[in-house]
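Chain lettering (A, B, C and D) follows the sequence in which the chains are written, and residue indices restart at 1 in each chain.
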């Protein structure tokens, strides 16, 4: 099923045009996302953010991109040349390829694949190879640590991600992203599957390597991890890939869980409304991801792994199991909402229990001054303190 | 400190010293009783001004008593410094005295505040230990003198781990070797800088002009002139 | 999870507050009157000569030895225009070495030296560190041209 | 059948040089981590990159001139260093500091403690993984206080304001009001940081039980300040060996119980609050009067003596050991810097933890490299 709005006639030409449009979209959106992230972080931190280049610093990232392109492409002498130079592509290409099958509106995607969901997951899962390549080939211990962390983290979180998406596909009855959206034209899936939605967000955060899961690139530990030796255009490719995957996961989330371009306007919404809807939903995801990045600290690698394997994966399977029960026995959807909601509560409870959240009381030893002139002043001073 | 005080001693007559001793003894009658080692009383009277000071000899007597019990034959020389009680210990006894100072329950000097070296020029080096007890809230300064050409002293890192880095620093700066130190390699100075001791008095400060200033090389600093 | 939500809340709440930063080189916040940038020399406008007599007090007191002063007989004194018998001949301050401790100002008997308290005293980036060695004319120029409202403690 | 040991993969410990250029070493500090996977097997701290010989330099200049170097040791708690040094000189020269100067010193020192702790709280968040958020929260309020410092002393960082005997000059007329205006902001900033981090589960898992040091070990290692108090040792020089006029104020000294990172964080947060209390009381009591003693010698000449004075700095006991042989220069000036002593225990705290923890532990010691190397 190939549906393109611009029907030139030649299938190759159509595809080429579509891909070019995608490249443009990706670049522009990445630039905008970087600007947005800097603005959001600035506001969270009560700063102004970029203000100089263009109105409100809108062109700052463009200027940065120009600078990066102009920079010297450094390669450590001891690095493994081919692996080092290919690694950015190994990260960049899968990310880009995943964008191909994402339906932006009802009629607009490069390729409407029947296995769209499967394809997106499979292709984005390949990115870790690039991180590993970069980490290993840089001949830098920080990069190696970061690459190893990236590999461990990305592979681990691929599992709960896939399992939740499987749960969605079970209910929707299709792996085609458009059909999943169509399925949600009345009520989006996050209502029925809050647990799956939660797991998806967490896993997406981990896949994106953003706080609190930015362990592979942790600034304060491994100083950028796999990217540490990269500069100029290669480094910016990693960056571009990272923001493109932010876009992909946000799109995927809004398509799979928030009802894409359908909900709540229904199937009859016009093209612009569809675009608006998907834009708003994606922006919500993006804003959330950015907000989280500046609100939370980083987990440690062992905590990250055990959280994945001990909490998220069992719960993801629980969601699949619940969906299976509903499908097999034909129980009402309300049951799904209840049980999945209970599962979400369980997840929260597990987090609550797993962490030593007991408030620590400090022992206060009074140091009392004996000064006579001090007496009058001290009473209200300590009271207000 | 001994030099400083000895100079004053030379100026003051013996009669003055006697006079000074009496008020100190009147303040603390029990001190004179406890003062067993002959060394301790020698300089205890040297408070020469009326400022309030920690009771002369309080901690010194405790230390003297404890040392006399545990380590007979070890000589201590105690006197009142400007802010602290100073006890001088022979170099070879330092580790033993320190162990007593830390472990004796009356003293419980469990906190090594500071360990510093002082270059006393012809009198060799002094190693100065500022000790404090967090429980008893008293403190004492223990000093030992090492000869210039034989700058060795036992490490107290086995008593207080805090001494570890302090001793390494003193070794860096004065070249005092701390025997049995777990890891006596340069700490603040470059790893290979083991023959040059910056804080020794015979190591004068370089004139700043010599290494920076007028003789700056014309090229090499990326200045606008070179471009 | 409560703590995580609290973190999210406080970050969101701060997002709604007004930013506290300003665009620095475009906007300058006011520096207080006692602001200490680098030392400058003051100009006696009544007599039209520097206050400084070149007495070396600041030079000797300077912890980092960033000053060089020489003294000469005051020609104006011979003409009985000035009460200063001696006057500064040459004066260099190496701003690259100065640590802005204010001690020169305190030791000066003639209130001839003050710390620059304008932004011009802070924004001194140079390509060559030799450019940071200022001579007498440069040191005097700011006060001579009334660009500065010098503050001398005590 | 394959022998079991043949299945064991061959592992190699790798040495990682963390620093001197590393974002989380808080300056030019290098630690050579030997790591087995993510576990730290050994740590070898290397310091001295910032050794400027302040002790040696001070020997060559008179008592007043050396004040500038005190700012540059612990450059986040400068007033405390100046206080310790000036106290040493005052003891030596037997100068009596006027009341007003003492009060101003206390106000400035305690505000300085707040700025230093705000800096810690912010930087600790960065070590744990905040992307600058906690840092800016801390800095926001720190800047306000530094504005006061700038109004008073003329500089934002290197104050050089205390003098043996008193202060360089009096505070501006609106000083009291200025400080009072800032206090609510500082409280708000501390509250923000509290909300941001204290109850956060991720902060909890990252800090609770990590880098713990028992009370005995802490004392043995010579730790002082918040580190010692986090281990539950009731020791604060302000209370236990009162100097200046600290015996005139009512405040609490927070003590932790576990000695881990979380306690260190909490203790510092609370200490900052208590410092604000002291500031308020001192503002209420601030007397008028001179700021320097009546008979202030123009040239400071010490007797032949030695003094050791210590203050409770933001990081612990900042001591100054001053030996004078007469004359107007110190014969020997030793600074007992808290960062130096606290850092020496790094190896004991770190070995066995994860790489990420090593960073956090180093952050929790709250070192200032200028203070470590001097």
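Observations on the model:
Basically, a residue touches a chain if its C-beta (ideal position, glycine included) is under 8 Å from a C-beta of that chain, and two chains touch if they have at least 3 such contacts.
These numbers were taken from a predicted model, which means no experiment stands behind them.
Relative to the C-alpha centre of chain B, the farthest chain centre belongs to A.
Central chain by Cα centroid: D, whose mean Cα position is closest to the mean of all protein Cα atoms. Inter-chain spacing, taken between the CA centroids of chain A and chain C, is 52 Å.
With centres defined as mean CA coordinates, chain D is found 39 Å away from chain A.
Taking each chain's centre as the mean of its C-alpha atoms, chain C lies 29 Å from chain D.
In chain D, 57, 133, 137, 140, 196-197, 199-204 are the positions where the chain touches two or more neighbouring chains simultaneously. In chain C, the residues that touch at least two other chains are 1-4, 7, 10-11, 14, 20, 64. Chain contact summary for the complex, chain C toward chain A: residues 1-4, 7-8, 10-12, 14-15, 17-23.
Interface of chain D with chain A (complex): residues 14-17, 22-24, 35, 38, 125-133, 135-137, 140, 196-197, 199-206, 208-209, 232, 234, 236, 238-239, 245-258, 262-263, 266-267, 270, 273-274, 276-277, 280-281, 284-285, 354-357, 359.
In the complex of the two chains, the chain A residues touching chain D come out as 41, 44-47, 141-142, 144-145, 211-212, 214-215, 218-223, 293-303, 351-352, 354-357, 359-360, 362-371, 373-374, 376-378, 381-382, 384-385. Interface residues of chain D, counted against chain B in their complex, comprise 47-48, 51, 53, 55-57, 59-60, 91-92, 94, 217, 219-222, 233, 235, 240-241, 303-310, 317, 319, 321, 323, 325, 331-332, 334, 336, 340-341, 343-345, 348, 373.
Remark: chain C residues 1-4, 6-7, 9-11, 14, 20, 31-32, 34-36, 61-64, 99-103, 106, 115, 117, 153-154 touch chain D in the complex.
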